[in-house]
Each structure stands twice: as structure tokens, then as C-alpha cells.
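In the two complexes below, subunit A is the common chain; its partner is subunit B in one and subunit C in the other.
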Partner chain A sequence: MSGATRPPEELVRLPGHAMATALHAREVSSRELTEAHLAVAERQNPALNAWLTLDRDGALAAADEADRRLAAAGSEAGAAGTAGAPGIGDLHPLFGLPVALKDLVSMAGGQCTAGSRILSGYVAPYDAHITERLRALGAVILGKTNMDEFAMGSSTEHSAFGPTANPWALGRVPGGSSGGSATAVAAYHAPFSIGTDTGGSIRQPAALTGIVGLKPTYGRVSRYGIVAFASSLDQIGPFGRDVRDAAALLHAVAGRDARDSTSAPIPVPDELLALPDDEKAAGSLRGKRLGLPREYFVAGMEPGVEARVREAVAALEAAGATVEEVSLPHTDYGLATYYIVAPAEASANLARYDGIRYGPRRGEGDTLGNYLRTRGEGFGAEVKRRIMLGTYALSAGYYDAYYLKAQKVRTLIKADFDTLFDAGFDALVAPTSPTVAFPFGARMADPVSMYLSDACTLPVNMAGLPGLSIPCGLSDGLPVGLQLIGPAWSELELFRLGRGYEAITADADWRRLEPAELVLADDPATPSPMERVAAGAAR
Partner chain B sequence: MATLSRSEVEHVAHLARLGLTEAELGRLEGELNHILDQYAVLAQLDTEAIPPTAQTIELENILRDDTARPSLPVEAVLRNAPDSRDGFIVVPAILEGTGRSPG
Partner chain C sequence: MTVSGTAPAAAGAEALERYEPVIGIEVHCRLRTASKMFCACSADFDGAAPNSHVCPVCLGLPGALPVINRRAVELVLATGLAIEASVPPATRWDRKNYFYPDLPKGYQISQYDLPLASDGRLTVETPAGPFTIRIRRAHLEEDTARLIHATRQDGRSVSLVDYNRSGAPLMEIVTEPDLRTAEQARRYAEELQLLLRTIGASDADMERGQLRVEANVSLRPHGEEAFGTRVEIKNMNSFRSVERAIGTEIERQAAALDAGEAIVQQTRGWDETRGATYVMRVKESSDDYRYFPEPDLPPLHVDATWLDGIRAGLTELPAARRQRYRDALGLSSYDAAVIVADPDATGLFETTLAAAGGLEPRTVSTWVAGEYLGLRNRSGTPIAVDPADLAHLVRQVADGAISRANGREILALHVATGESAAGLIAARGLRQISDAGAVGAAADDVLAANPQAVADFRAGKQQAVGFLVGQVMKATRGQANAAIARAALLERLETGV
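Now for the complex of A and B:
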């Protein structure tokens, strides 16, 4: 039934949309695809620590079900004697294909740790909205990925279960907080993965691992069943190795859900599944008006990153886009504003972890003592810092000086973006991260240095806008990300621009390079990220 | 802007119901003050006439019909509770004297 059998190493390197084509043509089965990805993930996870759980049995059951549906659709087509199998044409591009979920997405009957010890032993009693959607369209969920605890961090080093390694350089971070999901896609463990982005937690790891990641407009994807961090900022989004795959995954999970009152009743365009081919995509760049915000090229930016981003801008101009330098004058206030608003909301959201209804309960039996020990022992250092900051910013006498002030500055930050989009810019072009992937430990001693990792991404969350990170080359052998920022609900336009950039750089040498240390990740003798960090600390 | 003293750090930890060690309190005093220093830039902005932004999408509240719908089975919900009995979650008694101030 299957045509020429392709080796697993080859299968997993196909783009997701090519896997779908092969699957629909019955050249490969969902089981073969799933087995191939599980094999790579299981072999490399000791060295990468991208996965907190791999659900081999559940994934294979979902794959077999997909294969049964395909066979039924195929035989109906045969009986009817028609060429195009009815049923197969209606399948979503994610049908039968592997997906990874960040371990803060609920899957009924499975763990959902959010990277924290305080949720160890917790079993999700229901599916998140996006889990339901993925199951309903026949996707194969492989497992749950590593993350900074409660999505607080930019390196995945704040996970209670050890850091994730970057497949480009195993001694370096993949970014965070969705570092496990980014590494899983970059290392070919899955063609698709889900992350969440509160201040850059999809875009920054996408940039640092050389893949595509989108933070959708606030309200685009229902957050029902997702562990909350900062509720006015959190948004779920897709990772893929190319723009088409990321767009297909957004299409799969986006849209109104009555169980999340912040999910918006805005139509999700089906054109997300029909992005233009190279020739058309390149042509569509002509006449686009792009802004280059000067505040995003400042202190701390690595010269190699700036060079790649400016080369990308030159390529877009050469393809007929006009790029004008613009100003987002309140950018420099973004960090302070974010680090008031996000911790304040987090301190309220995380009050629920008290050892009463779920999670471990510690203490000697009196209520206050139980709270203090359960929370003191259950949360890691970064989460405690943020809870402390947020509690302080909201406490009597400081509310106006910090939280209210930050909300007002948030208005100014949002107005900066509104002004440019009202003036007719199609999108803004900027670096995603001021640096390439940094070594383990480099930013752990100084929290502010870690916070600066997201200087170019967090204003976008403050304004609720969509931001797309796409790879734009390497600096010192490590990936650099280009960020495209658009007005609210402009995801389709951002993906089309991203396709355009892919098309005009399709022949670039760096596109042919794989993550440099995948071979090392295959070697069982390679130390785990935990061993690397311990060795670093011992030096 | 304000500087946090050690006793204020302890007070905030109590408000947040975080039981912290001496070492943690000491470290946090330094770290929190370092972070608060970053907030100082906000004082440069005159925001007197600026309205606050609490959310970024213009959605209005929509009321749904008040109809009964199935919810999760009690057993499924209680499976995660550290201690439960007869369909209830068991918690420490809060009405008897514990010899501790509630704060």
C-alpha cells in the first residue's frame, strides 16, 4: 500500500505540508510518520530534554485511527470510481501528523506541570480547547514539552525539570519559556508544536532555534484549559519549521470558544491554508509598506544580529517593498511596564496554588503554615521573585505608583503602534531577540539581564498585537530571527509577508544548514543539559 | 523610587503566603531592589491625563443563557485533591484556636 519506504531520518525532515501530501496520497501512513518522530524524540531526549513526557501509546492509537479514516475515505472513493477521494480533500493539513504541546496545555488524563513542582502529580481532568480541536481534526499529539516554570523565563533554565538544550549548540539555551516546543520542532521531533507567549515566549525561542513562531493577536486563540500566567498578555501560538506549517497550526486552533470570554468572535481566514507559492509570494512583496522601528536597534544588540536583520530588510526592499525608518518612542519603557503588569497578574493567578484542591500539600496541619510551606517549597526562585514583585506592586500604598502607572504607560506603548498602523504601514520589521542563543548560566545570576532578552518582543504583548518570528540567517553559526509585527487580526498578512521573505531567500546557503549538534544529540554518551549545568557550576 | 527594606520583603512574602528561608529573603532583598531600580524610568513620563489600559481588544461583555449544563464528575475533580472524604475536600480546621495570628 505504501510506496517506496522512506527512512525515518528522511521522513521527519519533510515540511509538515509535504508530510500531509504524502499521507493523503497514501505514500506513507500516519503510523509510519508517528513512529519515525517518536524514534528520533526518544533517542535525542536525554541530550536535549525537550520533552517532559512522550505519550507513545496515545500517539500510536491516534495515528492508527487516522490511518483507519484514511483507508475508509480511500475505499469509498474507489467504490464511487472518482479520481479525487471525497473525504480526503476535506482533511485538515494537520490530520494524522505529529504535534507537541507545551506542558501547560491540559490533556485529559495526562500530566500538566507548567514546569513546576507545585503541580507534580496533578492529572488534568479535561482537555484544553486547543487539545479538543487538535484531536477533532485528527492530529497526533506526541507528548508535552519542557518550559520555564509557569512560563516565566527566556531560557527554559527555570524549569523544575532541568533546562532544554539548543540543537544548534548543546551548551546553549533554546530560549524560553517555550524552549521545549521550539527544540522539538527544530530537532525534527515533530513538525508542529504549541507554545504560549506572554512577553516573547514563542518568538524568542523560535529565533534562537532557527524556526518560525507566531504570537497571535490577543483573543485569537481560546485559553480554556491552559495554565494562566498573566491573563491580559498570555496568548497561545504555533511553531513550525516554515511559514506554511505555522499558519496551518494557527488555523487548527484559532477561533471563538464560549469557555474563554476573551476569545474574540473574529473569523479565522481559510486562506491560512493556501499561502502563495514562491513566485507569487515573492511578487506580493512589491508595494508593501514596512516600518523599521529605530528603538529596536539599540544597546545590547549583537552586531551579527543587527547585520542579519539589516540584510533581510535590504532583501525585502530589493523585492519591491518600501522600508521606512519609524519611531516607537515609548519602547524604552516597555521593560519596566511589563515587569510590573505581568508579575502583578501572575501574583493573583498563582494564588490558587495553595495545596488545598490539587498539587502536593505540605506543612504541619494549620492553614497558614500549610500555605507557607506548600508555596515556599513548591515554587522555584524565579516564580517567587515574580510573585513578590507583583504582590508588592499591588499592595496598599504602592498600587497607584506601580500598577496604575504601568497601565497608563501601557496605553502610550499601544498608541505608538496604533499611530504607525493608522498611517498605513502594513507591518513593522525588527529583530526578534537582541542576541543569539546564550550559554547555560549566562543570565541566571542577574534577573534583569534575563528580562532584557525580551526587550524586542514584550511591547507587542503590551499592545495585544500579532508578531511573527522567522529565521533570517546565522551569526557565529547560531540562528537569528526576524520579527514582523502587524495590526490586530493581521496574522494572514504577516504569514504572507513571511512567505514572501522565504521565497526571496529560498536559495540562501543558510537555509540548507541543519542544527549543528543534532549528531551529538543522537549519541547516548552526550551529557544531559542537567549534567552540563552542574559541570558549569562546578567550574 | 522606593527601596525595599528587609522587613518589607518579609511583609510582602507574608502577603503572598510564601514561606521563605533566611537565605531566600536576603537574596530577594537585593534582587527586588535591583528590579525596582528599573522601574524608575517610568517616573520620567507624565501620565496624569492618560487613561489606563487593562486589556487590548475591544470586546463587550456578552451574557450567555443561564442554562444547566453537565460539569465534570465529582470523582474526576477530587482525584487531584490531597485529601478528600465523602465528596468533600478535607482541609485543616480554621475555626479552632491554633495559637497563630491569621496575619
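Now for the complex of A and C:
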């Protein structure tokens, strides 16, 4: 083992696929990799609050098991004529590597709070489908990450366990709701993490923390074992620091699962693990037909964000892609319809949190009294707001005007996309978020300003399409995300485009920068996000 | 089930002179599936330890998702075909939202506006002739958990939840308000139970909660078209209580209307021991269940091939079977109804008929409807009759080899001992005496011993001969051929010997 020759700080900065290569070559062990990531995560978590739980013992046990398998495979490979035994070449790129799970992914024996007080004390008795998959291919699950309560939010400030800080600027949000998973990857606590995206909850934090995040096609990844927010919109997806890593994690978790009736029997292409190298990837952009939806350059978009996105578009054109301005005429209705459909489904999905079977039960009175106190104390303000919105929208006399109408508009939004893809566009290019990371508290007083964070992402959920966010530079020293939207099941094509963009910008100065305040995060004297928010509120 | 039962037929009868009752019936029945509606847990949980048939799905744990039980869908489709309902080409599930501790998800997965079957009908035969009830819909949903209210050792009362029943497949069948009497309601429920059992959709045992009947009852003056305020009645645990509860409710409402009181919309429970209904819940406004399409389940397409396969698998339905028994086999309406109403009797009738080649079906049916069911109902438990033995017995009686009375006795012995009918007949020496000489000798003895009866006959009382035949039978331990005995007696009486 030559892992000792690489200091932990260097190890964790390797791309995931490079860690896999080193692991398979037995230059480093899974335990060394796991220890290195745990050390960084444990040191920085007070300042970042990315993790709700770090499972050191479980992770090291999984790492040791991976090392045992690797040793066995290595000796098999050394012995001549042993057919049938799995060799190193059969190992998945996730094998033996650390992964972070958003704290709404069920993991048998582990807590699963979904960022809510109402689930504190709940221990999941079963594995989510994706947890099973990750365990089966030998990945090392480090722990569970912070999130907006029940994935409702765009800043991770709605977590019952305090906000997560953005490693680029500790006084700012990492986006949300999967802010913990995004920060964990951006800050090198893990090369891979899992998020969920109902209206932008993977893509927007990926953009705000400068990493890659994919919201897959609805039905691509099984939702079995994932705490539900809005069932018809929720999708599970990967974060990685580059396109290859995100694609490898998608490959690990995607595919049909009979326990989720909405998961699709669409094959998962193995090419996700063989994305082209820089030269090939850059060349593949030639002839691609991309659409630039004019409605996504919304009022309130920061000039720096628009500038970076337009520069990225120019770079793609320079590499041989054609970019045409297009229209998605029903985009304006996206936010309004989303905030009917998602809360309506959430109002039912969250009805089970009644204090009867799990979570703290409050009240000593009649059943109704218990419900009111348990739910009144267990849910945060944003969750209550959405439960009320959804309950109202489904009420007798309002159903047709709100929910039914919203579903019809949803069909129109989807038709907008279909029209363009039917016309031959390979993908659409758009900003992921209209702004860069905003300071703690900036949007907490005005829910609609928070909702507008997702104006460019949630139509994609409404249409059930895949959307990829990749970094495309900085504005005022903060990351900007470029969104690529494709037709259903086109994840591989989106990743190839993303690889192409990575290739043509490989030499860009901003690619060599890492999150500016990681040094501060290392400092035990740095205030926690909770302390920052409290101080901000006091000002 | 007794088709002939006339039990409390008078229930509510007096009120019927002034008001017309309008009754609709809602039935929930547990479907006969191996697993639950949306998970792989076994549905065979009757008598199991509490919470031993549970998983993340039927416990409603965070992240769990439902998967449709195909067999349950097929059983509802079969029911739909059997009640001549229409089946939509695509159906879906909806969430019915309400809070209750027996509902783990806070919503029930049910069907709202696209039920698996709609616009069906069921025809029920009664002594007063058949009547047809329109069935509005039959849909598929999941059952709730069971609440158990108990007192702890420290005296504190607690409610416990047993999730074994949670997620069991339930079919809800709702009629139009077509019923007009309590008896009709009972007969409808009985016929529906028979239908469900016949097609194998449900065991439909009311006492085990597999068939739950609820009634909506309102009254209106004769000739009035508008419905009165309706009252829902629950907790009727037998067919008898269905009829009694509805009859009692009709009387209660009639009395209230007579007194000028308004009927309050409410749910009432039936108290079997008190023979009265009581208020369970007053509905001030209609519940808002906030139904919306279940996003976790894609719409279900019912293609013609699937439906055809289910149709091909349907057994003969009770109505068709009754008609065949009457029209093709010549059974009396009574025998046909009684046999078809009882699956065991139906089975015995069919197999005996097959074993008894050449016997008149009508001859066999009287044995099944009369002797067999009589024995079975007296024993209170299922009894075993070998069709070949019954066929032998019926033939022996039909041929006059043994008397009907002895045949009845042999059947009882066969049931009790399991021995063959032929063996029992031989062992008991019960061969019928048809020899004119032997019977004539017995007749002579009887006439000599009963001078008063002889005198009565000669004074014109023809029925005295019946008494004398009985005496001949008694003297021969039932072995005499009754017809020959009668002929011998008449011959002697009329010739004055």
C-alpha cells in the first residue's frame, strides 16, 4: 500500500474515479480513504453543519469489508486459471468509496429525520432501494446529511437541526433542500452524495456550491424508502465534483424496482461508466443542437449569473454546437402550479406524522388534541405553510379550481418541452439558479422570494424530465450553475454534453479554485451556522 | 342462510302504510387473496398474534410505497362481471384523507371517480317474486388497522393498535337506493354473500368481519319523489340483525315523523341485545376527504384479453344455476333455491346426480334439500355424505327396496359412522317388505287389534286408513312397503273381511 505516501488532504481532493483507480490498483485502501474523509468531515462539521449523523463505525466496517474483498479478488487474479470469481475489473466505481446520504434515505438501523423534529427518535427498520444497491456494490456510507425539513426549501435553513453553511462563504446558504449533501461533496467530505429533487433540490444546491448534480427522469430511480415530499415530482439523484462521478453514482442507484410502481423498466446504460475523455468529449459537441429558452432569463436574475451562462453558451457554440433561442411559453405558470401540486401531495404524504407510531407524541388528551400538539410542535413553519396550502387546494369546492387546473397546466408545461425535443433539440441550456448563494436569513421572511430560487428548475420536475447542473464559473467569487435539460431518459446524453463542456473549459482559471472558506471551516474557532444565524438575527 | 326464513318479517310493517322507506346498502367485503392489497404480507392473519403480519408498507412507514395486488383487482373485476357492471378501460386509485389512529398513512388508498365496476345489478328471488337492485359501484381499497381498547394493570385505559388487518384488500359495493323493505335488504345481502362465495371473491363471513353491511335508511310519504333525510346504520353482525335493525330504524323514523320531528342526519349503531339503534355520530356537514389521484400508483389499464380471461374463469352464477335446476332439471323452485343457497348442498347435489345415473334430479334434490340439509342444520357443523352412498340410498328408496323413513335413518347412520349405505342396510335387515303375503298378514293383525279405527272407516272417516297404515309400519319396524300396506288394508276394509 502506498496510500501513506498521499496525505489525507490530497486523497480527499481526488475525483471519485481517480480514487477508484487508486483503490483497484491497491495504491490506497478503502479504510484509508474512509478515514481521510471522516477526519475532514468531523473536523469541519461544527462550522458547516453538513452532517446530521456521521457513522464512523459503520463506515469503517464497510471499508474493511471492501478491503477484504479487494484482497481476495487480487489474490484470485494472481492465481492462474480461476474462472468465475469476480475480479477487480468487475468492481463498480463506487466500490469501497465514501457516499453521503441525504437524511431522508432509509437505512436500516439508522436515524432518518428528513430534517424534522417530528421524526426525531425514529430509526428506520429497513433499507431504501438505493441503500440496498449501494451496500450491494460495496460503497461505504459515511452518514446522513442535513436538509430543509421534508425537502421543503431552497436554502437548508428550514432544517430543524440548524442550517448548513456554504463552504464558498460560510455566511451564505448552500442552497437546498439537499444543502448538506452538496456541501459534503463541495467541501471534500465525500466524493459522492445522494440528494432528492422535487423542484430543484439537487440542481440548485449543486449550482450554489460549485459541483455537479443531476435530477434524473421521473421513474429512473426507485423512491422506495425515500421519505416522500411530493410523490409525482420527487426524484433521487447524484452529486459529484465532476460529471464522471455524478454519472457513476446514477449508474449505481438507477433502474427498475418492483417496489416503486412508478419506477420505469428502462435499461440503465453502462456507458454511464465510460464517459469520453477530454479530447473526444470536446469533439462530440460538434453538431449538437441546443435550445436557449428565453423565459429562463427571468427578471431578478443577477447580471453575473446571466453573464456566466451566456459565456458558457458561447463556449459551446465555439466548440461546434448550434444554439438557438427558443420559447417555453408556459414557464410563467410553473411556480404557481408547482405550489399547488407539490403542497397538495405533501399534505397527504405528511399526514402519517401523527405521533401514533413514531416521533415524539405530545398531548395527553383526546386523539384530536394529541394530533394538534404533536403536529403543531413537530413541524416547522414552512412545512405547516405547505400543508395548509395543499389541504386548501384539495378541499371540496376548490379542487377543480386549483388541483385539477394545476394538473392541466402541468400537461401544458410538459408539452412545451415535448415540442422542442420533437423538433430535434438535443438539450436545452439554461441557468440553474437566477442568483448565486445568498446570505443566511435573506429570504426567510418572504417565502415567495425563496420559492423564486427554483423558477428555472421546477418546470423540469413538472415535466418529469432530467436536468443536469454543472459549474460554469464564478460571479463575485461564488459559483454559478449551468443547467442542461434533456428529453426523458436522456441522462447519458446530458452527461456527455456535460463532459464536453468540462473538456472545453478544462483550462479555465475558475476550475482551479476551491471553496474559498474551507480554511475557515477547519478552524474550531469559527462560529457554527446556528451561531451565525443567531448573530444575524440579533443585528 | 335460510331462504324460506320469515323471521321478523313484521319489522317496520306498520309504518309502511304511511311511509315509503328508501334503503341503500353498502357492503365491505374482505377479498380472498394470499397477500395484502399493497404489500407482500400474508392476508391470513385471523387469530394471529397482534402486529405479526406487518411490513413498512402496511405500517405506513416513511418512504414505503404501495404495489397493486393483481389478484385483488381480478376478484373485483370478476364481481363486476357477475353483477353485469361496466368496467372502465382505465382505472386508478385515489387517496381518501382523514386522521384516525387505525389509519397509518393518514389516508386510505381507495377509488373515487373511476371504480373498477359501475352500473351493475343483482336480482334476488323471493317467495313474492324476484326483484332487481341496481348496484352503483364496486371498488377496491385497503382495510384499516384494528383498535383494541384495553385497561392496563394500573387501571389506565389505553388504545392498542393491531396492524395485521391494515392494508388487507377490501371491496366496497354500493347499491342505488332501490330497496323498500328491511326484508329486501336482508335478502340482497344474503344473495350478495352467495354470489361472492360462488365466484370465490370472498369467504364473506359476517361474524368474522369479512362481510360488513351498512344501510342508509330514509322515509318519505307515499307518492313523494324527494328523499327524506337519511340515517346510516352500522354494527349489524348478522343477516338477521340487518333486517331487524332496518325494521327498527323505519319504525323509529316513522314515529319521529308522525310526531312532527325532523330526522337528523347521523350514523347509528345497532345494539343486538337491546334490539334498538343508538346514535354513534351526528353529521353536521358532509366529510371532506380531499380525494385526489394516488400519485404512487400509475393508472391501471384493464384490457379486453385480461377481462375475457376472468370471464372465462367464472363459475356458474347462483341465478343461472337456479334457473338451470328449475328449467333443465325440473327441480321445484324451493329445492333449487335451497340447494343453490348452500355451496355444500350444491356440491352434494351435483356429485350425487353424477353418481346416480338415471335417477330423476327431482328425486335427488328432495333428499339434498330435505334430509341432508336437515341433518346438517341440526348438527350445526359440516357433515360428510358420500355422493355414491346417497345415490345408492335414493335409488333403493325410489325402487321401493327400502322405505323412505328407513332411508332417512340410514343417511343419519352413514353421517354418524361413515359406513356405506349398502352395508348399513344389510346389517340392519332393513330391506323393505313388499311381499303381499307378509304385508297382508301384518294388515290382518292390525285390523284385529284396532276395531275402533275399522268402525270409523266404515262410518265414512277415510282418514282412519292412514292411522292403520302407520300401525302396519310400526308392526314391521318400518320395513313394510307403505303403498302395499295401504292397498292390503283397503282391500280388507272394503271387502269387509
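One rule holds in what follows: the second predicted complex is superposed on the first by the 528 of 539 C-alpha atoms of A that agree within 3 Å, B and C clash if a C-alpha of one lies under 4 Å from a C-alpha of the other, contacts with A are read in each partner's own complex, and residues count from 1 in each chain.
One rule holds in what follows: contacts are C-beta pairs under 8 Å (C-beta built on N, C-alpha and C of every residue); 3 or more make two chains touch, one makes a residue touch a chain.
Worth saying up front: this structure is predicted, and the values here are computed from it rather than measured.
A.B. asks: What is the contact status of A:Glu317 with respect to subunit B (first) and subunit C (second): first, second, both, or neither?
C.D. replies: neither
A.B. asks: Scan A:Glu9 for contacts with subunit B and subunit C and give back first, second, both or neither.
C.D. replies: After superposition on chain A, A:Glu9 lies in contact with neither partner.
A.B. asks: May I ask you to decide whether A:Ala258 touches subunit B, subunit C, both, or neither, giving the answer as first, second, both or neither?
C.D. replies: A:Ala258 contacts both subunit B and subunit C.
A.B. asks: Of the partners subunit B and subunit C, which touch A:Arg223 in the superposed model: first, second, both, neither?
C.D. replies: Touch status of A:Arg223: second partner only.
A.B. asks: Given the touch rule stated above, what does A:Ser395 touch, subunit B (first), subunit C (second), both, or neither?
C.D. replies: both
A.B. asks: Figure out whether A:Pro125 sits in contact with subunit B (first) or subunit C (second), or with both, or with neither.
C.D. replies: The answer is both, since A:Pro125 touches subunit B and subunit C.
A.B. asks: Kindly classify A:Lys405 by the partners it touches after superposition: subunit B alone (first), subunit C alone (second), both, or neither?
C.D. replies: After superposing on A, A:Lys405 lies in contact with subunit B but is clear of subunit C.
A.B. asks: In the superposed arrangement, does subunit B or subunit C reach more residues of subunit A?
C.D. replies: For subunit A, the partner with the higher number of touched residues is B.
A.B. asks: Could you look at A:Arg357 and tell me whether it touches subunit B, subunit C, both or neither (first, second, both, neither)?
C.D. replies: A:Arg357 sits against subunit B and subunit C alike.
A.B. asks: According to the stated criteria, A:Gly376 is in contact with first (subunit B), second (subunit C), both, or neither; which is it?
C.D. replies: A:Gly376 contacts subunit B only, not subunit C.
A.B. asks: List the residues of subunit A that touch subunit B in one complex and subunit C in the other.
C.D. replies: Common to the two interfaces on subunit A: residues 122, 125-126, 232, 258, 261-262, 347, 351, 354, 356-358, 367, 371, 391, 395.
A.B. asks: Touching residues of subunit B toward subunit A in the complex: what are they?
C.D. replies: Residues 1-2, 4, 8-9, 12-13, 15-21, 24, 28, 31-32, 34-35, 38-42, 45, 47, 50-57, 59, 61-62, 64, 72, 76-77, 79-83, 89, 91-92, 94, 98, 100, 102-103 of subunit B touch subunit A in their complex.
A.B. asks: Quick check on the complex: what are the subunit A residues that touch subunit C?
C.D. replies: On the subunit A side, the touching residues are 104-106, 112, 114, 119, 122, 124-126, 128, 223-228, 230-232, 258-262, 344-345, 347-348, 350-352, 354, 356-358, 367, 371, 391, 394-396, 399, 403.
A.B. asks: In the complex formed with subunit B, which residues of subunit A make contact?
C.D. replies: 121-123, 125-126, 217-219, 232, 258, 261-262, 264, 330, 332-333, 335-337, 339-340, 347, 351, 354-361, 365-373, 375-377, 379, 381, 384-385, 387-389, 391-392, 395, 398, 401-402, 404-412, 414, 446-448, 451, 462-465, 488
A.B. asks: Which of the residues in subunit C come into contact with subunit A in the complex?
C.D. replies: Checking each residue of subunit C against subunit A gives 56, 59-68, 95, 97, 99-101, 104-107, 161, 286, 288, 290-292, 295-298.
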